[in-house]
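Structures for review follow.
You will see subunit A twice below: alongside subunit B first, and alongside subunit C after that.
Moving on to the complex of A and B:
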C-alpha cells in the first residue's frame, strides 16, 4: 500500500512528530511504501502527479498559497483516506492568526521590519514565479473533506500511537463510515491532574497575565486567575503543558460540542471571575478584570481562528466592502 | 534555441517548501539559478498586536524542527523587554535543556536528510532515504531511529511537550526540576550518549574515510570563501544558549564582536520578488548580489570557524582533529558542515552530562518577576542552523508593536543561492537537451542539504516599496502575462 505525506504551510513539527515514532516507523515502512514525503523521501511533484492511487494521504500544514490548494485537491483525488494531521490542517493553526490581516498589510509588515533595507523587484522569467499567497490562511478542512482529523500542535504521542495502530490495522480499500476526530469526547479538564476545589463552581480571583505571577505548580490555573484553555479544548493529549506548569493554550482545538472556542471561552470566563465577590464590586471590578484580556484573538483563538465564527463574519463584511 | 528551464521541485530531504529553478540559455549555459522559498505564514505581521508573553509559544511554531530555538530565543527577548534577569537556576536549566535541541535537530538532519547522500548518493531516488538505509546499513539506521526515544523523553522532562514546548516564561522557566527529574535525565542522557558515540564512530570510520566524502571535501564547487558569524562564550568557546556575536572575514580575521542589542548596526536585509525569504548581508559592506566575497554564513561550520575552543574532552579532540585534517581555519568547504554538526552533537551530550551534576539545578528559584521594563528586547541564540535573532517592541500594556526575526536559514539564503551556481556550472551537463539525470540534480540538492536549511523558518516575504503605496507582481495564470498592481496600505 502507499502513503503520501503532503504539505501546506508548515513548520516541520508534524514531520518530527512522525519521525518520533522512531523504530515504529520501520513497521509502518514494512507495510506501506512512503511514496511522497519531502522531509525524508526524494520523490518530486511530478512523481506525485504520476501516481494513480494512494491508500493513505496525510496532509500537514495550513493552506496559504495557490500551490497548497492544488496539492490538497491532488491528494484528495488520489487517496482513499485523507488524514488532516496537526492543528494547521485541522483548524488553521497558529498561521491562522493572520486570518484577520489583509494580505497586503501582511506583506507590508514583513517588508518594514527594522533590518529590511533594500527592496527590489527583479525581472524574473515566468517559470520562476513563486506560488501566490491567498487572501487569507485556511484550514485544510475548509478546502477538502478529510476522513480523519488529528488535532494538536503537533499531535500528541497518544494520537500518534493511535494513528500508528490505525495504519498497521488498516485493510486495503476500506472506507470509513464517518469522519473520525482523534482524542476523547471530553474537554481537557476531564483528564487534568489539577483538581479545582469544586469543578462546577470554579472561582477566578481576578485575571492575571502570565508574566505577573509566580505560577503555583499544583493549583488549577483558573483558580490562580490565569487563563487556561482547558475547559474549551479537546482532551487529545495527556495535559503535558499543564504538567509542566504552563496553562493549556488550546492546540487540540475545540472540545466536543464547542463550535467556536473563543465565544465559548469568553462567556465562561465572565461567569467565573470574582463570582464570590459582592454584587457591586463584581459589576465594577469585572469590566476592569476583563480588560486584562488584552488580546482575546491571540489567547482564545491561537490555533483556531481560520475556521472561527469571527473569520466567517470578517469574510462577509469584506465582501460587503468589496461590493461598495 | 530559446531559453529552457530545469526544475527541482520540490527540494527534498530538507525542512519546509523550496524549489530550484535553473534558467538555461540557447547556448546551453546557465543564465540564472533561483533557490526559492515557496510560502510564508507572516509571523512578523500577525505577532503584532499579541500580548508579548504569548510569543514564546507562538513563535515556537515558526519551526517544528528547531521549535526550542525559537521558544528559548523568544523567552530571552522577553527577559530584556521586561528588564528581568533570570535566576541562576533558570539560566542553567535553559542552557541544559537547550543542548537537547542541538542534538535533536542535528541527529534528525544527519540521519534522515543527509546520510543517504553520504552512503549511497547514486542509488534510485525512491530508496535513497532512511527506509532504504535500513536495508543497506541496518545498524546505523536503527541506531539513529533509536535515538528518538531518548530525545523525546528528555525533551518531555524539560518542556512537557517534545515539540513546541511549554518551558520559557519572561524571567525564567515554568517549573523547577525535582531530584527524580535529574535522576531520570542522567539515565536517559547516559543511554543517548552511548548511541551518539556509535554514530561518531560510524561517521569517522565510514564517512570521513570514504572516497566519496573526501571527494566532496575536495570539490571546489562546494566551497565558498565567505564571512562567518557565530556566538562565542566568555572564554571565546563554543556556546549555544548565550554569548557575544563574532564576525570574521574569509581569512579568519576578527571583524567585530558585539552584543545582540547592537545587531542592527551590523545586519541589514535585502528582499526580492522571487523568494519568500529575505537575504541578510553585512550592513557595512552593503548588498552585492550573489558574490561570495560579500556573503555571510552562519551555522555549525561558522561556529567552528569563529570559536577558539570546544571545551569538552571528546568534542574538543574531534574539533582539533577536524581542523588539522582540513588544513586549518577558517574552513570554507560546505561539506564540512556535516562534520561540524557531528562534533556539536558530541559536545552537547558531554555538556549535558557535566551540567547534570550541578546542585544549582534543584533550586526552586526558577523565575524572577522583578525588573524595570524596557518595552523593547533583542534575543539571540545559536539555533541548530546558526544565529537566530528575535527583536520585539511593545507598548506600555506589553502588546507587541514591532517584531523582527532573522533566522539562520535566512542568513544562509544568499550563500545557498551563490553556491548552487558554482555546483550547477561544474556538474550539470546541459548538452543533452532537456534530460538531466536525477543523480546529477541531486548534486545540487546535496549542496543545499549541507546547510540543513529550514525553509519554514526562512519564509518571510517580498515584493514592494516602503512607501504607503506598494506594488504586487501579478502573473496571470492563463496567459502568463505579468502586470504590476499598486496597492495603498490603509
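Moving on to the complex of A and C:
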C-alpha cells in the first residue's frame, strides 16, 4: 500500500509529531510504501504526479501558495483517504492569522527594510520560479474535503496513537462512511483536572495576564481570571498545558457543535466576567476589564481564523475592495 | 445610487421592544431601514447572531435593551449584551470593519422619542459609512 505525506505552509512541528511514533514508524513503513514525504524520502513533485493511486494521503500545513492548492487537489484525486493533519490543515492554524494582512503589504514588508527604499511588488526580481502567494490563507478543508481530521498543534500523542492504529488496521480499498474528527465528542473541560467549585456558576473576577496573579494549581483558570479556551475547544489531548499550569490556547480547534470558536467564546466570556459585580462597576468598569484583552483575534482565533465567520465577513466587506 | 442601508435591530421585549410599540401607537415615525427583531432579553443575543446579521446583508446592527443597572427584567442581561458588543466591536475593528456599524443603546419602554432619535441618528451614520458588502 502507498502512503504520501504532503506539505502546505508548515512549520515542521507536525513532522516531529509523526516521527514521535518511534518504533511504530517501522511497522508503518513495513506495511506502507512511502511514495512522497519531503522530510524522509527523495521524491519530487513529478514523481507524485506519475503515481496513479495512493491509499492514504496525509496533508500538513495550511494553504498559502498556488503550489499548495495544486498539491492538495492532486492528493485528493489520487488518494482513497485524505488525512488533514494538524491545526493548520484542519482550521488554518497560526498562519491563518495572515488573513488579517493584505498580500501586497506582506510582500512589501518582506522586501523592504528600514534601510532600503520602499519596493513595489513588480520590482522584486524573480530569478527562480517560486510558487505564487495566494491572496489570503486557507485551511485544507476550504479547498478539498478530507476524510479524517486530526486537530492539534501538533496533534497530541493520543491522536497520534489513534492514527497509527488506524493505519496499521486499514484494509486496502475500504472507504470511510463518514468524516472522522479525532478526539472526544466533548469540550476540554470534560477531561480537565481543574474542577471549578460549581460547573454551572463560574465567575471570572476580572481578566488577568498570567504574570499578574499567583496561580492556584488546582483551581479552574477561569475562576482565577485567566482566559482559558478550554470550554470552546475539543478534548483531543490529555490537557498537558493545563497540567503544566498554562491555560488552554485552543489548538485542538472547535468543540463539537461549535463552528466558530471566537464568537462562541466571546459570548461565553461575556457571561463570565465579573458577573457578581456588574451592578457596582457599571459599563465603565466592565469596559476597563475587557480592555485588558488587547488582541481579541489573537486570543480567540489563534488557530481557527482562516475558516471563521469573521474572516469571511471581512472578505465580503467592501472596505478591502476600495483599497485595491 | 439608490442604495438604502439595511439595519437589523434586536430589541428586548420588555424595554426597547415596548418603546417601538409605543412609537407606533403614538404615530412617531422612524426610518423604514430598520428591521426590528424582538427578543426576550438582550443577554440572549449571542455574538454569532450579530455576525450572521452582518453576513446576511445588514449594514448595521442596533441593539436596544433596558437601562443599566437595575431595569433588566432578568437582572443582568443588559450587562451581558454590553460585554458581548464591546468585545465584538474590538474584533470588528481588528478585521477592518468599522465598529460604528454595531451600536447598543439603553431605551426604556416609555422612551419612544429616544428610540426614534437613536434610529434616525444610526441610519444617518450608516449612510455616511456606506454599504458593508461589495456590489450593492
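Please note the rule applied: the second predicted complex is superposed on the first by the 294 of 324 C-alpha atoms of A that agree within 3 Å, B and C clash if a C-alpha of one lies under 4 Å from a C-alpha of the other, contacts with A are read in each partner's own complex, and residues count from 1 in each chain.
Note that contacts are C-beta pairs under 8 Å (C-beta built on N, C-alpha and C of every residue); 3 or more make two chains touch, one makes a residue touch a chain.
This one's a predicted model, so the numbers in the text were calculated from it and none came from an experiment.
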| item | value |
| --- | --- |
| Touched partner set for A:25, first subunit B, second subunit C, both or neither | first |
| Partner chain in contact with A:316 - subunit B first, subunit C second, else both or neither | second |
| Partner chain(s) touched by A:243 [first = subunit B, second = subunit C, both, neither] | first |
| Subunit A residues touched - subunit C or subunit B, whichever exceeds | B |
| Which of subunit B and subunit C A:267 touches, first, second, both or neither | second |
| Set of subunit A residues, in rising order, touched by both subunit B and subunit C | 295, 297 |
| Touching residues (chain side subunit A, partner subunit B) in the complex | 7-17, 19-23, 25-26, 29, 34-35, 38-46, 62, 64-65, 67-68, 93-95, 97-98, 101, 104-122, 124-133, 137, 153-154, 156-157, 209-215, 217, 237, 240-246, 249, 251, 294-295, 297-299, 302 |
| Contact set on subunit A toward subunit C in their complex | 100, 260, 262-264, 266-267, 269-271, 273, 275, 278-279, 282-283, 286-287, 290, 293, 295-297, 300, 309-314, 316-321 |
| For the subunit B and subunit A complex, residues of the former touching the latter | 3, 5, 7-17, 21, 23, 32, 34, 36-42, 44-51, 53-54, 57-58, 61-65, 67, 78, 82, 108, 112-113, 125-126, 128-131, 134, 142, 145-149, 151-152, 156, 159-167, 169-171, 174-176, 263-264, 267-276, 278, 280, 283, 287, 367, 369, 391, 397-399, 402-404, 406, 438, 442, 454, 456, 459-466, 470-475, 480, 482, 484, 487, 489 |
| Touch list for subunit C against partner subunit A, complex | 43, 46-48, 51-52, 54-55, 68-70, 76, 79-84, 86-88, 90-92, 94-98, 130-134 |
